[in-house]
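Okay, so subunit A shows up in both of these, paired with subunit B first and subunit C after.
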Partner chain A sequence: MSAAPGLRFFKSIALRLLYGVVSLLFIAFVTFLAGELAPGDAALARVGEKATHEAYLAARHELGLDLPWPQRFVKYVADASHGDLGQSWFGTREPVGQIIGRAFPVTARVALLAIALATLVGVFLGSVAAVNENRAMDKAALSISTLGVTVPNFVLGPLLVLFFAEWNTWLPINYEPEMSRPLWIYLVIPVVIMSARPMATLARLTRASMIDTLRMEFVKLAVAKGVPPWRLYTTHALRNAVLPVVTAMGTSFGFLLTGSFIVERFYSMPGIGFYTIDAIQKRDTPLILGTVLVTGAMFVVVNLIVDIVQPLIDPRIRESQV
Partner chain B sequence: MRGKWLLAIALAFLALVVLFAVFGPNFRHGYLDATGQPFLAPNGDFWLGTDEQGRDIMSRLGFGARMSLLVGVTVQLISLVVGTVVGVLGVFAPVWIRVPLLRLTDGMFAFPDILLAILIIGVFGMGLFPVIVALSITAWPSVARLVKTQVASLKDREFFVASQALGAPTPYLVFKHVLPHLWGILLAVSMVDVAGTILAESSLSFLGIGIQAPDPSWGNMINQARLYMNSNPMVLLWPCLILSMTVFALNFVGDELRSLADPRSR
Partner chain C sequence: MRAVGLALLFVAFFATVSCGPSGGSSVAKSGEPGVFRYPIFANPTTMDPQKVQDGDTIDMLQQVYEGLVGWSPENKPVGYLAEKWDMSADGKTYTFTLKANAKFHNGRKVTADDVKWSFERSANPKLASPVSTAYLSDIVGFEDKFNGKASEVSGVKVIDPEHVSITIKAPARFFLGKLTYLAAAVLPKECFPADQEVSDVKDMIGTGPFKIVSYQPNQVIILEANPDYHDGAPKLKRIERYVLGDAYTRLAKFKKGEIDLCQLQRQDVPAIQKDPKFKDQIHFYPRPSIYYVGMNQLMYEPFKNKKVRAAFAMAIDKDRIVNQIMGGINTVANSIVPPGVPGGDRKDSQAYKFDPAAAKQMLADAGYPDGKGMPPLTLTFREDQPDVKIVADAVASQIRANLGVEVKEQSMEWLAYLDKFNKKQQTFYHMRWAADYVDPENFLSHMLATWGPENKLGYDNPEFDALCKEADAMPELEKALPLYAKAEDIVLQDAAWVPIYFQRDAELISPRIKGLRESLFGHLPHTTVTAD
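Moving on, here comes the complex of A and B:
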């Protein structure tokens, strides 16, 4: 048991990295394929409708559209890997990479705050429910989380705006951070809406895994030793119950993403989701493909980090890995 | 006993939604008819009032129910067929078919559903048909994964091994000894999946890339009503209410069916 487990651990990390790279290539291939199938012509979009046939052919050659598709795919991956995702077909033909660079911080800030809030509130609600299993507190916490799972965020969003921004003017009705009020006040509604679904999921998970943990022998021993309840719950039980929660962070990414599309749409926030929907409505193919590729890559990276962090938190996983 | 009553209520509600989808869109008023009387309060003629163009909200909710059920059921049927075929082939097919199929199924999970749906709609355009295609493509892998694990465990049961030892051909085994065991769990999962599909369709329509105006769907009705919600909150409330209740009822019935199909999960 000396060096072997460590070696195995690194081997499993190497395997996961490899799997991550394969996933990234798969996502790149799907967006590439979508680009091939999409109507519209990048060369025509570049030279305009009135260009001569020679100019059009020159543009095709310059963009590499006359190469066979495997070569085009290699070029696509090579370009994408240093941030060249083509140009938007409309407006000032801004490079897609630049648009994403501008939109990404807006989305990322809200997403990170939302996952932080969801974790804090979700783990707290779940723990309170587990400690009071089947009592009124438990029922209340469960009802809140059921509500979070079943009420879609595009229902919750308008209702929150209606109550907090229209009927009472505590919060702004749109995202306009250049206005006079402090920045955080524009983030309240987006963060709350985006955190609702992951919060509910995390609360349920924490409850279930904490109830299991509280029944284990070492907890009984701790009670017998006379460990005070608050210490028992925080250091003994919660620490062991937190693992499924880390796993859920990876899968919560999908919910966060859906949430960000919805929130950015109705709160007029210029993030990734906002630009993606705008691009679909204008049929701006390079921008659609670019945002999907970048978001898909983020998803792979987040799951990779979760996969690598898990065994660091829990020695049981570290030992059992092949 | 209390659970059975709730189940009956949820089923009755779902039956009403189906009736509403069939007859609702042209019940008393057409769902596209502008009456010229915007924002009427609920009254004897317009039971739920009218929207910003004076159209009957109840008829429009009925058409929304029709769209939601149409998308939900079609997508579920497609993903059940594809998922079952892939899941069964994933266990019984020769290696050169089985392995690529399973890798493809796993690969589909590398994409968040909403992202793949948005990519497909971005490429093929907006509207009812692209929404059905996009959501079908995102829905089948989870069915395939479920069917595959179920089939893999059935394959080792005595009745299967016995029949196999007697020389029964694989297709006979699949239809006689495998598929009949799957209907219960697939029906239960379908209820929950249909709820998920209805939510996805509503999200896309809310974002303006799903069902296109003037045709109503619950999602785009919510998006429209948002603009007038300060003065006319009821217009916003109706689609929110019927959508949430339908999704809740489907999830509830699905969970109950699952515990009936698999008593151990209680």
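Moving on, here comes the complex of A and C:
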């Protein structure tokens, strides 16, 4: 490999990172502005319905909300660029960085396991469906993935808990702080719920992509050459069909990393989605901005990884970059 | 080679992900004797007793902090830190004697200096308590300190280490009721700056029956018995408050015996009442709060006409809404002052009865036959409570069906809703008022007199105002009740609002829990609770 293509590769990554930073600034600005424009503010959330108007004004002053918003935004960005995301305005006034440091691993662990499960099952179902196109196996696999797309989290969650945690005692009802059982037991239900949708998406995508690939000339040639079916499907067809699947995986994973408010609240998991929605309801601006920025940054990183991985899988992309 | 690279990438990512702190912790085992486990719906909004305003957080903080007085199960103010008190002849000065054995969690005795310091902290403008002025501004000099015009609260005087006096601006029979609120909690003055919010568990030093030992956000709060509590050590060893935001999860955990108390949603009650295993564990508690429909005369021209308001009041079938649609858990409100509050739930009140024909005629008399000529009208309500939407839907459809008035509906996010309400801009709305203290003043004068801070709908009747003014000033509540009854009838006949129902809460309580005390405002500190 000559130096030039390598350099070009790094330049393109650097450029992508720069775009990422600009996007994050833009995200922060839009989030901040949306908070400003929404009726009601954190001071109102703090003082509640019984407070006098003077008490409300005092709370605004305490939170610095009486300063003009451009001034507050500039200060926020300046602080954030030094890694200081501020403190939550509620409860123990915990630093936002600390909250995210605690909440993000909870969400990320589930997201990673969910995307792994979704990929394994999705690609398997999709391949089986494609190989058996329009036969019973295909229909069965398609039905499963249709269910995955159509059954919402808030239906699947209670159903799983009902069967596996209430009628039986195999799994816990929620993510318990005392963790009297091994960690993985607490992860089963959230991982299964979170994987349902990406699993369905990946299965359908794999099926379509496989069917296209199986109709290509080189597959016919391989068959003519007497390649055994299992090798044909895995090494030849799947390898070539997998590219759009990797892209979709990246996008799905990005979404999973933002956490699911529904699943995290339902299962009492202290992850990033739970905190984000709680923060939005209280207008806890520092925490809202912090969680939005971190999840935004995750999207940037995941997309970058997908861009790096794609040429590793498909030489054509590598060539086109040169 | 490529495969190895890919694998490495994933391993690296997995490693970064799994090295975070695990969700687990050192929380003790559950369900053992002496441990009371029950949910809190969300993280506490604050750790500072003088700043708290929501019931869920109060239920946690009142185990840790106390003031001079608090509620009894009979809904009377009784001494908590105060052994007793005397009132001066003019009804304006209360002299409190502190309990000799009252100590802070750090072991120091509570003195009159702490009491004065605590009131001044509550009035400190830099602390910016959202609630202290609402509850404590009767005290001479309290508002001056809050508004930065004075450095001390002149109405609170230290007599000697065991005695403190509080002087109020005018005699107020509900002053002690207001003093039960945690804005008047007593804190040790050496522990933290007077102008900073308590936000660290370490700094939560009160005098209450329990001490807070740990708090994991979105997970659990642990409280441990204070063996030196001035009223005797609590019978429990520990209280565990799990943060459980989801009603389904709470109920499932109760049924499994993983928590000992579960606040029920109204819609879950009928199924539990049919469940042989749990039907005897359900308890109902009337709350001093009323759900009503408000008609804002400042925002909507036709509401200035009493006949229009009366027509609306007669067009709403409360019995159907409360007893049929909502299953009869709550109580139909034919008055404004709720049951439990003296003079509340009067059976002979002059409320309009449901009468669709008369309502239609009344609206025609007002100049709007079949609703013709009325400007567009929207019924607004907060979005996060299913029952509020159910009632709003029913009210809107009854108004449409019985009066022919086209009513749209709009749910609003709570803070947006409250913001608009505070600006007196909610036009036609479904809302709740919950008592601050048990006195009809808190529902009549406070809500509907022209000086009432909660009168956000432009109701103005001099006759009503005069009756309230006279009754509010009476030192003895018994003598004021007939005046309040008269004032209440005036408001009902004026149809300033349409009262819909009085709230009743349902809780499932495990038989292993005994001795739980309730007041109208909810649980009392768990000093007498046992857990088998």
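The rule is simple: the second predicted complex is superposed on the first by the 241 of 322 C-alpha atoms of A that agree within 3 Å, B and C clash if a C-alpha of one lies under 4 Å from a C-alpha of the other, contacts with A are read in each partner's own complex, and residues count from 1 in each chain.
Methods note: a residue touches a chain if its C-beta (ideal position, glycine included) is under 8 Å from a C-beta of that chain, and two chains touch if they have at least 3 such contacts.
Everything quoted here is computed from the prediction, not taken from an experiment.
*Asks:* Can A:270 be said to touch subunit B (first), subunit C (second), both, or neither?
*Replies:* In the superposition, A:270 touches subunit C alone.
*Asks:* Is A:105 touching the first partner subunit B, the second partner subunit C, both, or neither of them?
*Replies:* A:105: touches subunit C, not subunit B.
*Asks:* Determine, under the contact definition given at the top, whether A:186 touches first (subunit B), second (subunit C), both, or neither.
*Replies:* The answer is second: A:186 touches subunit C but not subunit B.
*Asks:* By the touch definition at the top of the document, which applies to A:150: first (subunit B), second (subunit C), both, or neither?
*Replies:* first
*Asks:* Just checking: does A:23 make contact with subunit B only, subunit C only, both, or neither of them? Give me first, second, both or neither.
*Replies:* A:23 contacts subunit B only, not subunit C.
*Asks:* Figure out whether A:61 sits in contact with subunit B (first) or subunit C (second), or with both, or with neither.
*Replies:* second
*Asks:* Just subunit B (first), just subunit C (second), both, or neither: which does A:90 touch?
*Replies:* Only subunit C; A:90 stays clear of subunit B.
*Asks:* Would you sort A:164 into first (subunit B), second (subunit C), both or neither based on which partner it touches?
*Replies:* Neither partner.
*Asks:* Identify which of subunit B and subunit C touches the larger number of residues of subunit A.
*Replies:* Ranking subunit B and subunit C by residues of subunit A touched puts C first.
*Asks:* Which partner does A:46 reach: the first (subunit B), the second (subunit C), both, or neither?
*Replies:* Once the two structures are laid over each other on A, A:46 reaches subunit C alone.
*Asks:* Going by the contact definition given at the top, which residues of subunit A touch subunit B in one complex and subunit C in the other?
*Replies:* 38, 158, 161-162, 166, 265-266, 281, 283
*Asks:* Please give the residue numbers of subunit B that touch subunit A in the complex, ascending.
*Replies:* Going through subunit B, the ones touching subunit A are 107, 110-116, 118-123, 125-126, 199, 202-203, 206-209, 219, 222-223, 225-226, 229-230, 233, 236, 240, 243-244, 247-248, 251.
*Asks:* Taking the touch rule as given, give the residues of subunit A at its contact with subunit B in the complex, in rising order.
*Replies:* Those in contact with subunit B are residues 23, 26-27, 30-31, 34-35, 37-38, 150-152, 154-155, 158-159, 161-162, 166-167, 253-254, 257-258, 261-262, 265-266, 276-277, 279-281, 283, 285, 288-289, 292, 295-296, 299-300.
*Asks:* Residues of subunit A touching subunit C in their complex?
*Replies:* 38-41, 44-56, 58-59, 61-62, 90-94, 99, 101-106, 108-109, 112, 158, 161-162, 165-166, 173-180, 183, 186, 265-270, 274-275, 278, 281-283, 305, 308-309, 312-313
*Asks:* Would you tell me which residues of subunit C are touching subunit A in their complex?
*Replies:* 2, 5-6, 9, 13-14, 17-25, 27-30, 42-47, 51, 53-54, 125-126, 128-134, 146-147, 197, 199-201, 215-220, 242-246, 248-249, 252-253, 255-256, 258, 413-422, 436, 453
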